[in-house]
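Below you'll find the structure, written out as structure tokens, and then a few comments.
Chain nomenclature is as follows: A, B, C, D, E, F, G, H, I and J, assigned in order of appearance, with residue numbering initiated at 1 for each chain independently.
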Amino acid sequence: MTREQCTAAILEAKTMKGLSFQKIADHVGRHVVWTTAALLGQHPMSADEARKVVEILGLEGSVSLALQQFPMRGSLVQSPPTDSVIYRFYEIVQVYGTTLKAVIHEEFGDGIMSAIDFSMDVQRVPDPKGDRVRVTMEGKFLPYKKW
Amino acid sequence: MTREQCTAAILEAKTMKGLSFQKIADHVGRHVVWTTAALLGQHPMSADEARKVVEILGLEGSVSLALQQFPMRGSLVQSPPTDSVIYRFYEIVQVYGTTLKAVIHEEFGDGIMSAIDFSMDVQRVPDPKGDRVRVTMEGKFLPYKKW
Amino acid sequence: MTREQCTAAILEAKTMKGLSFQKIADHVGRHVVWTTAALLGQHPMSADEARKVVEILGLEGSVSLALQQFPMRGSLVQSPPTDSVIYRFYEIVQVYGTTLKAVIHEEFGDGIMSAIDFSMDVQRVPDPKGDRVRVTMEGKFLPYKKW
Amino acid sequence: MTREQCTAAILEAKTMKGLSFQKIADHVGRHVVWTTAALLGQHPMSADEARKVVEILGLEGSVSLALQQFPMRGSLVQSPPTDSVIYRFYEIVQVYGTTLKAVIHEEFGDGIMSAIDFSMDVQRVPDPKGDRVRVTMEGKFLPYKKW
Amino acid sequence: MTREQCTAAILEAKTMKGLSFQKIADHVGRHVVWTTAALLGQHPMSADEARKVVEILGLEGSVSLALQQFPMRGSLVQSPPTDSVIYRFYEIVQVYGTTLKAVIHEEFGDGIMSAIDFSMDVQRVPDPKGDRVRVTMEGKFLPYKKW
Amino acid sequence: MTREQCTAAILEAKTMKGLSFQKIADHVGRHVVWTTAALLGQHPMSADEARKVVEILGLEGSVSLALQQFPMRGSLVQSPPTDSVIYRFYEIVQVYGTTLKAVIHEEFGDGIMSAIDFSMDVQRVPDPKGDRVRVTMEGKFLPYKKW
Amino acid sequence: MTREQCTAAILEAKTMKGLSFQKIADHVGRHVVWTTAALLGQHPMSADEARKVVEILGLEGSVSLALQQFPMRGSLVQSPPTDSVIYRFYEIVQVYGTTLKAVIHEEFGDGIMSAIDFSMDVQRVPDPKGDRVRVTMEGKFLPYKKW
Amino acid sequence: MTREQCTAAILEAKTMKGLSFQKIADHVGRHVVWTTAALLGQHPMSADEARKVVEILGLEGSVSLALQQFPMRGSLVQSPPTDSVIYRFYEIVQVYGTTLKAVIHEEFGDGIMSAIDFSMDVQRVPDPKGDRVRVTMEGKFLPYKKW
Amino acid sequence: MTREQCTAAILEAKTMKGLSFQKIADHVGRHVVWTTAALLGQHPMSADEARKVVEILGLEGSVSLALQQFPMRGSLVQSPPTDSVIYRFYEIVQVYGTTLKAVIHEEFGDGIMSAIDFSMDVQRVPDPKGDRVRVTMEGKFLPYKKW
Amino acid sequence: MTREQCTAAILEAKTMKGLSFQKIADHVGRHVVWTTAALLGQHPMSADEARKVVEILGLEGSVSLALQQFPMRGSLVQSPPTDSVIYRFYEIVQVYGTTLKAVIHEEFGDGIMSAIDFSMDVQRVPDPKGDRVRVTMEGKFLPYKKW
């Protein structure tokens, strides 16, 4: 069972059972963003987490095995991405990339925001003029080593 | 005066005067992220904002004019970006792009987070194991129109 | 059933039944452009719209399910597109892109024409020297937010 | 004088004189979209049109000469375009390209909408929920020749 | 039956029957270049033309149906093309592209040679130093519209 | 003097003197297509041909020297070409590339049409429905060597 | 049977039978380099040559048919090639490409070394410091035609 | 003085003095291919070799210094190369790349032909049907190390 | 059995048997890095090594055969690589590439570090602030040949 | 003074003064690899380090200022790199990338080797069969965070 087949089986079962990513995440005991990323093949799960996914979705054991493998990360088949939702995030990197660099350097010095020791949240912010999507990214600041 | 020359003049004057982006933003009366993006050629300023930039940096009037033009947006010369700080944000889109799409669709329905009716903040989160960079993005949810 | 298989099944049934996109759109109760885009995998349908598609084309229920999924948008496998019809629209963006930017900025200020809160129509304009294709695009103007 | 220098000189003079593209177009006696495209180096002008441009902008004769040359068409330095305004039109081709092909073929048969025997208009459509941008493209239908 | 499978079936049957493209074209009643392009998936055939192809090649009816669909045009999987025969034509565009533009503009004014209202012929020109290939392309001149 | 500067000087002088490519070609004693390609930096001229160019255009000797150098061939800065005139020829290779290969192989066997032992002509074909551009390419057939 | 399946079948049979490319070439009566290129899908064989390949490898007749087709030339799936052996030849073109051009022009005048009327040999040159690979390429000089 | 300026100065002086690459190579005491590559910025020269180049071309000392720097290798600005002479060598890698790999592996085992411990020669082979270019490449065979 | 199928079978069997790459390497009698590269299709094994792999993993003989073939080297499907682990090594080449060139040239002269006569090791370096990964690469210095 | 001009000035002065990177590094008090990377524009220096560089090279103060700026990292103008020395490191990532991923995952678990908290050394390893280049990379292991 390849990782792509694993992902397809999960999404199909999720639709059949009428489950949301939030529901699955609650059952697994992890945040919905991390759990969704793991289900979409971007993070490996522990044996226990994988067992719970298989349990709630009513899938066979080979899916559990596939969920525990170290995945080849990178979820986009084309770059720049063509899907409208994902492109907007790419556009933000295009427009604000040098700004993020300048502001981080000024505040923290020479280094980066880690994308590994990192977490992310997505929230709905009610607004009378139309609700807003709030995406919060948080990563450890890693200073460049000198030697 | 091209926009590139304008940006170069601003950065040089900023270094000479020992000013931070935060200081310039305070003087302009805008958020540091928006102001930095505008100085780096990604947003046009109003005549009043541009005047204040020229004032605090001690630059000539043609810079003020250049700051008010509608810019060609897109700050990266290479894609994917090679700089380590900026690449990490591209990597986040690579790894979490499909996750952001899935979670936004589940929470909001078919539509996107606007990158136009949009704001962003960068903050330092103190942490005994090493301070963290928190980037908050907030954009209006735009539902796809049916007709 | 993948979205590609769903699209293939729809096009095959459409040919067999001798139906036009306009006919299907009338049955669904939507504009022909929106309906065609949805059938070609660029928009999700409501349960009711999907049911009507399956009904008129005589297809099985799994097609209806596939039509309701949030699609990965982007209909071109190669960019620039090689097909002559589609390339002409790409050429228009190439030749008139900066013009559209200049005219929109002059008329509306700093912002964009939304491609989400957006509709499109295609019409035949009779002309003795050869009929003409008229494509009308209409999207909400979204001003860039300052903060 | 290269075409790029010609364009730069025109835009600078236009800003200095506080003229709009519409004003220049009225003086030239052409539509604002065509005139803007010509000023931005995508169409050659007649000797008379070029003279009027130089007249209203107060520029020297070499600009007039440059405006009459056959230009190398194609206004985008990067593809896909990074600027937000222009990208939305590219996105429309991505999302609706196959739809435009399907609808044109169904209505007209095998052929294309010409991008040469072609005109375009941009209009403001007032709307209480936010004004809308309407772009109308019209090109002659050219049937594929058989032989 | 996809268009690729249709093309494969045609080429296989053509080899089995020992037919040439010229023979098939004569049976169809069209020029060999147009017919070959149609068989290779670049032009749609009329119902009558498709029937004749199926007849002479001894193929089933679904091939006839596939031959009548509007094809996605573009016959090259890689650009620049790697095949030696096809690359030479790409090389001619590389070396003589600006020359063709200059000569057409000088002779006809601002416009293009249509690739739609277009025909092409390939002929053998006997030559004692080695026979020559003569390719004749003829397309309607389309002047750029002003408005 | 670089080749680009040489080309620019030639085009400028040609405009000033009001000469056509045909006039220059007649003075040089070569075909207009070959001469235009040479002037645009795609072919080297003999000392005598270069002298005649300099003579008719009233240019200095260094232009003559530049015209005699072996050029780096390839006249397009972007591929696929964005200019409408040149793109149509690229489109012809896209749509008819495999057809040209098939027809040449069938008529001549395994080999290519040379782009070196090659000549080209552009002619105006009067037509009541609109004049046509005829491009004739002729190259020696080169059979693939076996060994 | 596609050409790829044909190649796979040949390589499998070659391994099973323990044959070398040299052995097959001797049986076919052609040079080992030409024969290997033909077996790998870069050259068509005559009916007699194809029959001998099928004979020595114990394959079925459809392989013989596939070997006689005009192949789409170009053996590399990625460019630049990633395989170490093949990349070194690409590197030689990168490092010595302009040198080859300069030396050929100086010795022969304006023209090319044909890659069609062309043969190649690979030999082992014994050397006490480590044997050497000698690759000899020989192609007809083709002078650029003037007209 | 950049390496590009150094190369330009050398080529200009070579044309002025009417020298061939062979003449310069004889004066330097190296093979014409190696010398040409070094003059075109692909190999560094020893102090003595650089002095001789400056001497025979009548250039200043800074050229000598530039000739001794370690160059950034890679002589092609575009890949695939557009120039006809250089492309033919790229085409040979495309068509014969897998063949070269197969034949070298069969004759030598797992390893490569070095492009570093490497030399090359270009010779004219007289032939009544048209002289031929012979390019001989010779590189040390380097077996892959196992550990 | 293709090399990809061979790799998949090996990884599946390895998971089933609960073996580590180190264990397999010990059984084969080779270093873990070399062995892993061979199992992942980047190096050919000897008949004896391949037999041992099949033995410990309980696989059929065709896997052994596949392991002995000369592989097409290059393990990345996309370049730059999207996976976070592999990208960091690409980033090191981006950031330190010119440094490695400068330091190697200064210490060794004009030449390269061989990637063929080459070995690599990965080790865990305990560190109270977090363990470190040490990658040691060692390749023969190959001086550029002059001739 | 741009960073490129800064680098050029440093390399010129270094050649004039006959200094090695090692000598400059010793004077600065940093490792030769880090110092070279900083001089080539990949790391910012402290005010004190920059002063020492200016001192030993006899350069003006603006160089010192440029050395302290946060650089846009990424030293390669083309990817894949064309220079032979740098390409070999890219080739190592191509051939051993998946191996490095597999071995690091097996030894450390899910995470990466940091390229920020990272150091590198280059050493000469004497060997009677030819000295060897040893490159040692060491980066902190960063485990992927779960949340």
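As a working rule, a residue touches a chain if its C-beta (ideal position, glycine included) is under 8 Å from a C-beta of that chain, and two chains touch if they have at least 3 such contacts.
Owing to the predicted nature of the structure, the values given are computational and were not obtained by experimental measurement.
Student: Can you check whether subunit E and subunit H touch via the same residue numbers (shared by over half) or via different ones?
Tutor: same
Student: Using mean CA coordinates as chain centres, what's the subunit F-subunit G distance in Å?
Tutor: Roughly 32 Å separates the two chain centres.
Student: How far is the middle of subunit B from the middle of subunit I, if each middle is the mean of its Cα atoms, in Å?
Tutor: 41
Student: I'd like the Å distance between the centres of subunit D and subunit H, where a centre is the mean of that chain's Cα atoms.
Tutor: Those two chain centres are 47 Å apart.
Student: Which integer distance in Å separates the CA centroid of subunit D from that of subunit I?
Tutor: Roughly 54 Å separates the two chain centres.
Student: Among the residues of subunit D, pick out those that touch two or more other chains and give their numbers.
Tutor: 33, 73-74, 76, 80-84, 91, 94-95, 101, 105, 111-112, 114-116, 118, 142
Student: Can you list every touching chain pair?
Tutor: Once each pair is checked, the touching ones are A-B, A-C, A-D, A-I, A-J, B-C, B-D, B-I, B-J, C-D, C-E, C-F, D-E, D-F, E-F, E-G, E-H, F-G, F-H, G-H, G-I, G-J, H-I, H-J, I-J.
Student: Subunit J touches which residues of subunit A in the complex?
Tutor: Touching subunit J: residues 30-31, 33-34, 43-44, 70, 101, 105, 110-112, 114, 116-119, 142-147 of subunit A.
Student: Touching subunit H in the complex: which residues of subunit J?
Tutor: That would be residues 15, 78, 81-84 of subunit J.
Student: For the complex, which residues does subunit I have touching subunit J?
Tutor: So the residues of subunit I in touch with subunit J come to 20-22, 32-33, 36-37, 40, 42, 73-76, 79-81, 83-86, 88-108, 111-115, 118, 120, 122, 124-125, 127, 129-142.
Student: Quick one: which bits of subunit H touch subunit E in the complex? Just the residue numbers, please.
Tutor: 80, 82, 84, 87, 91, 94-95
Student: Provide the residue numbers of subunit J that touch subunit B in the complex, in ascending order.
Tutor: 65, 69, 72-74, 76, 115-116
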